[in-house]
C-alpha cells in the first residue's frame, strides 16, 4: 500500500526533471550560468597562496553529521570543489591541506586530490597526509584553529556544512590574514561566515560548483531541474496559502510528510 | 577495465540502495521495511569502521610528526587518544576513572573551545556590523532588535522589543528561512541524484 | 591616526578582555537581572506535565560536553520533572560524548530519586549512524544497541524488553547541538507521530523554529535562556539561572561594541566629508 502520495509525487517530479535535464544538457541544451564571484576568485586565492609561499586549507566542516546524515550532499558538494582547488594547488605548487571532520570523507578526499594532482602532472607532489582527520565538533574546530595559527595559510576554503565551528574557523582565518571563501546551507551560521570571510556562496550556489567549474554540459543542464522544481514549489506554496485561507485543506493534507 | 574498477557497479549499488530505502518510506510493506532496516544497520556498521580509519590516520600523522620531531603536541595528542581508548576498553566508559578523565579534562577543554564563540562574535560583529548603507543599517537595526529580544533583560531595557523581535523572527526571518531551506533541499536532492548516477565526479578542469 | 580611526581599528584583544571581565562580573557579584518567561518554555513544561507515571520517554543526548555550559541546567531540570512524575527514561546519543553528559548530569538526579537502573532508566550510550541510527532504533532498539553504555546485555534489561520500538515511547526529548531534532522530526514524528521536544543550543533555536511552527516539534526551549525559564517553571532554579546574568552581560557587550564600531565608522566618515 502506497503512502505519503503527495511527497512521492513531488519526488517523482524532481527525479524526472533531473533526468530529463541531464539528458538535454548532454545534448547541448542548457543555459549558461550567471557569474558566481565566490567561485571566480578561487584561482586568485590559490595564486595568492603560491605568491606568499603559504598554503591553502580546505574543509567541508563538522556540521551535523557525515555521509550518514542529511549533511551528506553538502560534504559532497564541497568535495566537488576540492578537485578543482587541488588541481590549481598542484599547478601552482602550493601545499593544500584538507581537514576532514568525518573519517568516511577521508578516502573520498584522498581520491579526489590524487586524481587532481595526477591530472595537473604533479602526482609525486601529492601525499595522503594532505588529508587530515581530527574528529568532529570542538576537537575538529580547535585542531583547525591551531593548525591555522601554526601554518598561517594564505587561503582558506570552507565549503560544506558548518555549525557552531563556523565562526571559530573563519574568525581565526581572518586573524591570520587568510583569504577566505565559504559556502554552506545553514542559515544560522552563514551570517557568521559572511562577517568573517571575503566571499560567500549563498543558497544553491554550492550545488552548482561542479557544473560551474567543470563546464560539464550534463551538469549545466541539470540546473534547470532545480529551477523547474522551485517554480512548482512556489505554485504549491501560493496555491496552498490561498486554499487554506478559504478553508480548503486537501492540498496541505496531501503534502504533509506523515499524510497519506 | 577490470570489473572492480567499473563505474557502473558502484552506481548500480547506489541506485539499488536508494530505491530500497525510498520505497520503504513510501509503502507499508513489511519485507521492504525489514530490508531497508538491515541496509541502514549496515550503514551504521560501516560508519563504525570508518571511525577506525580516522583513528589510524590520526595516529599515523601525529606519529610522523613525533618521529620528525616537529611538534611535541603531537605526542600529547597521540597519548591522549590512545590513553582514553585504553581506559575505556579496559575499565568501560562508565567507569569512575573514565568519568574523571571526561569531567576534569575533556569537559573544561570542550567548554573553553566552545566559549571562544562568545569572544569571536564580539570581534566579528564590531568589524562587520556597520551602517555602510541603508540596507546595512536595516540589517543592523533588525539584528539589534533580535539580540535585545533574546536577552533575558531585553524587555526591561527596551519595552516592546519582545513582540517586535518575535514578529521579526516569526514572520520576516522565518519566511526567508523557509525559502532558503526549500531551495537548498531541492538543490540537495538534485545533487544527490547527480552524485548517485555518477555525474558529479569532482572534475578538475574547466 | 585620529581617535576615531584608532577606535575603528581597535585590537581584538581589548574586546576579548572586556567580554571576559563583564561575563565574569555576575558570577562574582550576582546582579539578579529580571527575566520574562516565554510561552515556549510554558508549553514545554505543560507537555511534560501530561505524562503519567510509568510512561517511557526517549531522552537523546545529542550534545557534547562543550554544550553543557548552555544546556546543563535544562538537562537537570528535565531529570527533576520526569523523576518527580515517575516517568521512565531510555537515553541514547548521536554524539560520542552525549552518554557522558547523561551520566554526569541526568543520571545523578534519577538515582537520588530512587530510580533503579534497567527498570526505571537505561543509558544505551552512543551509536554511530546519525539519522540512519535514529530511524533504526524507532524500529528495533535492541538490534542497534545489543549492549548498553555500561556493557550490559540490552536484552537483559526489563525496561528495554518493554520499550524496544517507537510504539512504547510517549515522546522524545533531544538536547541538541547538531541536527538531531530534524532527524527525530523526520524519523519519529513524521513516520510514527511520536511527539518530539527539542532543547537546542541558542544558535540552533532559529534553525529548529520552523519545525516547531510546522508542528513537527511539539515544544522547544530557547537555549540557555529557555533552560533558565524552565528551571523557574518547575520551581528549581539551578545552573541555568546562575548563568543568566552572565548571558545578559555577554549580549550587552556585543551590542556595546557594535555601537562603538558604528560611532567610529560614522564619525570618521563625517570627519572626512568635512575635510
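Labels for the chains are A, B and C, by order of writing; each one numbers its residues from 1.
Here is the rule we go by: a residue touches a chain if its C-beta (ideal position, glycine included) is under 8 Å from a C-beta of that chain, and two chains touch if they have at least 3 such contacts.
Note that the structure is predicted; figures quoted are calculated from it, not measured.
Trainee: Which category does the touching pattern between chains fall into here: line, ring, star, complete, or other?
Mentor: It is complete, because no pair of chains fails to touch.
Trainee: Central chain, going by Cα centroids?
Mentor: Per-chain C-alpha centroids compared to the overall one single out B.
Trainee: Starting from the Cα centroid of subunit C, hunt down the chain whose centroid lies farthest away.
Mentor: A
Trainee: Can you work out the whole-Å distance between the CA centroids of subunit A and subunit C?
Mentor: A distance of 28 Å separates the two centres.
Trainee: Based only on mean CA positions, could you tell me how far subunit B sits from subunit C in angstrom?
Mentor: 16
Trainee: Could you tell me the distance, in whole angstrom, between the mean C-alpha positions of subunit A and subunit B?
Mentor: 13
Trainee: Which residue numbers or ranges of subunit A touch two or more of the other chains?
Mentor: 66, 68, 70, 137-138, 164, 187
Trainee: Mind pulling the residue numbers of subunit B that touch at least two other chains?
Mentor: In subunit B, the residues touching two or more other chains are 25, 43-44, 47, 51, 110, 113-114, 117, 121, 123, 125, 127, 129, 177, 181.
Trainee: Out of subunit C, which residues touch more than one other chain, so two or more?
Mentor: Each of 12, 64, 66, 128-130, 132-133, 191, 203, 206 in subunit C touches at least two other chains.
Trainee: In their shared complex, at which residues does subunit C touch subunit A?
Mentor: 12, 64, 66, 94-95, 128-133, 177-180, 182-183, 186, 189-191, 193, 201, 203-204, 206-207, 216
Trainee: Which of the residues in subunit A come into contact with subunit C in the complex?
Mentor: 63-66, 68-71, 137-138, 163-164, 175, 186-189, 257-258
Trainee: Could you list, by residue number, the parts of subunit A that touch subunit B in their complex?
Mentor: 1-4, 7-8, 11, 14-15, 18-19, 22, 66-68, 70, 72-74, 76-77, 79-84, 86-87, 100, 102-104, 106-107, 112, 115-116, 119-120, 128-129, 131-135, 137-138, 141-142, 145-146, 164, 167-168, 171, 174, 185, 187, 192, 194-196, 203-204, 206-207, 210, 213-216, 218-219, 222, 225-226, 229-230, 233
Trainee: Could you please specify the touching residues of subunit B with respect to subunit C in the complex?
Mentor: 25, 33, 37, 40-41, 43-44, 47-48, 51, 92-94, 99, 102-103, 106-107, 110-111, 113-115, 117-119, 121-123, 125-127, 129-132, 140, 143-144, 147-148, 150-153, 155-156, 162, 169-170, 173-174, 177-178, 181
Trainee: Going by the contact rule set out above, which residues of subunit C touch subunit B in the complex?
Mentor: Residues 10, 12, 15-16, 18-20, 23, 33-36, 64-70, 97, 99-100, 103-104, 123, 125, 127-130, 132-133, 135-136, 139-140, 143-144, 149-151, 191, 202-203, 206, 209-210, 213, 222, 225, 228, 244, 247-248, 250-255, 257-258, 260-262, 265-266 of subunit C touch subunit B in their complex.
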